[in-house]
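Here the chain labels run A, B, C, D, E and F in written order, and each chain numbers its own residues starting at 1.
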């Protein structure tokens, strides 16, 4: 019934989080980066960029975060899954052929998967040929780049939360939002191979510094 | 356990929608206006502004919209209610005393009510003294202003969707996003006192013009 | 598969609430009025009237009520939305062409909208041509009637909860359930343009008088 | 915070269904019977009777019904469970010490159980001492009565749907709603010990006769 | 798209519970019995047996159980209903023509009904001809068997929880898991015709004995 | 109120899936391995092992699986999350101090996280001191073992689905269920760094071989 303008058949939905990223970065890093990357890709391929998801799933210690940190403000599974399902369904109803979800917050992935899978499957059962794609931007950083950025060896994405790559990207895209005076130089985080509930606030001292940055967002 | 910085005890959450507002306005008007008003209020009273809700409840003909219009991209009740519940709960957990939800999209109100009521009630049963407030910004436009803006008489908020006030506010706050060459001057809409399902797309010709504005948002 | 009797293709579902309406009225006013109006309309147009919804969404101070008042017994959003969705779907499955939801409780409207929209849309995706209509009875009170009933000017539906119109309609339809000795004559309520959570019970003294009227219902 | 009038600490919620009961009975039999029994019990013990639940869970062949029969209009599990949970929670919030759910539709029982259990457990975890009771009225028909009504032996409640006992009770309580000219005398139903999905409409010919009785309800 | 091997068109899903069955039986009796019966039926008719459901709905005093007993570990309605819906839908997607749910825990029945009904109805609306069947194994014990096992008369399935028949079946199928030294010989249970919430733990002394049997399962 | 036997304060819940693992392995590999590892750990530390979860979240191509493969039978997010929430809550109610969820199916992790987090947080708000732990068994395979098993270098867990480690563990624990004649020797899978919806069945030819193994489980 509806149709996108003829020249546009692809929508990109950037997703992020509201989450501490150390004292030098604003809370919205994940959404800012996925939005910026989406905008550049959209410019090159002629796609539309949807308003980004500013809130994401609970930040987790195993991927370098922690939901107890001040400023980190999260959604549960049902809200995030329902949100992506509704938004994707709405774009498919409008005639989008390809709905790309570009993720910028590690913990979102599986919940975006559920919502996107449900929306595309439901539409498909009613005759739609629309497709969905889900990806996280860091999965497209190639070996060469990693070798340049980490000459001593790349230690894994899980400890890169608020780390060298996110800081570099922010310096490139939003330098005015990075406070280099407050960068903390510490050895790589040692993350546990399990999660404990309730999350141990003792292990992760609260870092209030970046909280006032909201207004600036 | 957690606490906001001593000088900050109030968080304002602006909510909007992704919705057609005529050919001269971008889709994000509702979120832009509530965010701007929240930012100014926050500046005056020393509050924090949370990332805005860019998507809202289904746009309805009775309030001058219509969910079938191209570009209008909506959430259902469960996702919107769950989202506000989770975000408000998260702020209360962090120690916010007052959580203000500042609404900029008419159709959102009751679903925000449900989520905010549930979040505050649940926290209250566990000993929290945090309070919530829900309001739409247009309910604070006073008689004097209305008389000035509408010298021939104000006809009601329901027909003001994409109308004189929203356009005026956008010209004040984001003039670069208003395309005055494309303003349509038509008599006041005549809205029905009922809703029909499925919404009649015939009655509301699709207006594609503002769709490409997303990227600019 | 199923079909209504040939001469009947329209079902009207009256919805109300269980809610304080002042000391002189029973708790079931909203359901009684919508049921009576539905019955009269059905008689004229040859429709069926479904059993009414006796419980409604949380009563709110902004529309003259308040969920804390004794006797007020409410549903949350999910239950009310699910209920109307299921009942409407069931009527569509039976072959009803038109399902009219006639609302008698202000706070119900948006949740009925969600359930009715979902039910009709789901049926439509499976080939049904059934339609839904949602309306509140007071939206059909015309200017002439308002001018007669309120010679000094009509102040708005929001302060009419348990007021002149509902009392008049009850006197017309169920005079034996109105206790005119207990009518309170007070100036028009001054309602706030916002909602506060938790609802302030101090501002709204509990009125126990009409509680015993349940049995009479 | 709230409290029922001192002399009232017990609320009875009658539940029923909208369901075919043969050509001689109205669709609302289950709600009418549980409401009448609740009213009489309440009169004797000084309890309040809440508005009855007019809609119930899907009618099933194994208990003599069938959801495909014309007029049978049902709720799914989530709506019924949510409804009883919300209403019971609301009464407990108001100070009811005992909330009795008096069931009149066999298929409702387990879903009422879930909602009542959840509501009482949640209240209990917050310090409430309120109790719930769930019962179906036919479980209190004693052996003596059964022997009198069925001198040739009682064959079980499952085949009593729209049968001798319900008809007798309706003749006692609402004789004007029983059309004895249309009573069908057939041998006891032979019910299968299993359920088949989708329900076999061929096996259960549609009986349209009582459909027009809604208006009379 | 998918299809079961040509020679297999029927899948049987056994369901049980994790529930005390007296000091002489393991907690998994209900799942063990339905699995064993399913396996034997499948062998005879050429069906597949799906992994059994080891957890079931809340154990209830009215059917001889009680959710407060140590070791009894239950699901709520939504999880059980969602689980059977998902698993049945998954088998229908793979091409199963007949999905049989063989129940071994009384309290499961109505929740399995909801999930199976929803899954088959949804598939049917999309053109599937797959059917579902729901049954509890004890409904197929014939009169002759009952007369043999209970020469003094069968008193009803509700008091047979952990009783003569379940013990006999376990002795036949898993004798190594029955501890006959711990069998308690007591008169038939007298069950109330109603449920009370919260369940009275005083009335049902905790029986810890069989708790350690989990590991053996 | 309840308490585990004094000597037992820890419960381990193994979780798996029903999923193709190549032609040589049964569908239940994930549950079998997590159950076996849980049993051995429980033996050493004196814990109880709960019945395993035999069904898991949708199998995904990015981790070497695919929900379209014959035999793969999956749960959606809500059912799996609700199930773990209910089971963990039930164990905490019984007095378990530590509830360990030992995962054996990659795609389960985030949904188990949500359910376990919700259950422990809810209990904690009511005064419980119970803790939860979530882990996947392969995160505890150390570097030394990997170096031994993969002398040419370990290529990552994502391509290990049905691979060398799972086959080795099955040969150790359930050799009778491994059909070494049907092992397929192919080069390491090349997995895409994104997910596509609907999943491409063309890319993953259906492998029917292990379907008949259910009965053997």
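The criterion applied here is as follows: contacts are C-beta pairs under 8 Å (C-beta built on N, C-alpha and C of every residue); 3 or more make two chains touch, one makes a residue touch a chain.
Here the structure is a predicted model, which means the values were calculated and not measured.
Among the remaining chains, those touching chain B and also chain F are A. As a whole-number value, the distance joining the C-alpha centres of chain A and chain E reads 44 Å. The centroid of the Cα atoms in chain A and the matching centroid in chain F are 26 Å apart. Chain E and chain F have CA centres that are 24 Å apart. Each of the following residues of chain C touches two or more other chains: 76, 78. Around the ring, proceeding from chain C in the sense that reaches chain D first, the chains are ordered C, D, E, F, A, B.
Of all residues in chain F, those touching chain E in their complex are 1-2, 4-5, 8, 18, 28, 31, 39, 42-43, 48-52, 54-55, 68, 70-76, 78-79, 82-83, 85-87, 90-91, 94, 201, 206, 208, 211-212, 214-215, 217. Those residues of chain B whose C-beta lies close enough to touch chain C in the complex are 57-58, 60, 76-78, 81, 107, 109-111, 113-114, 116-118, 120-121, 124, 131-135, 139-140, 193-198.
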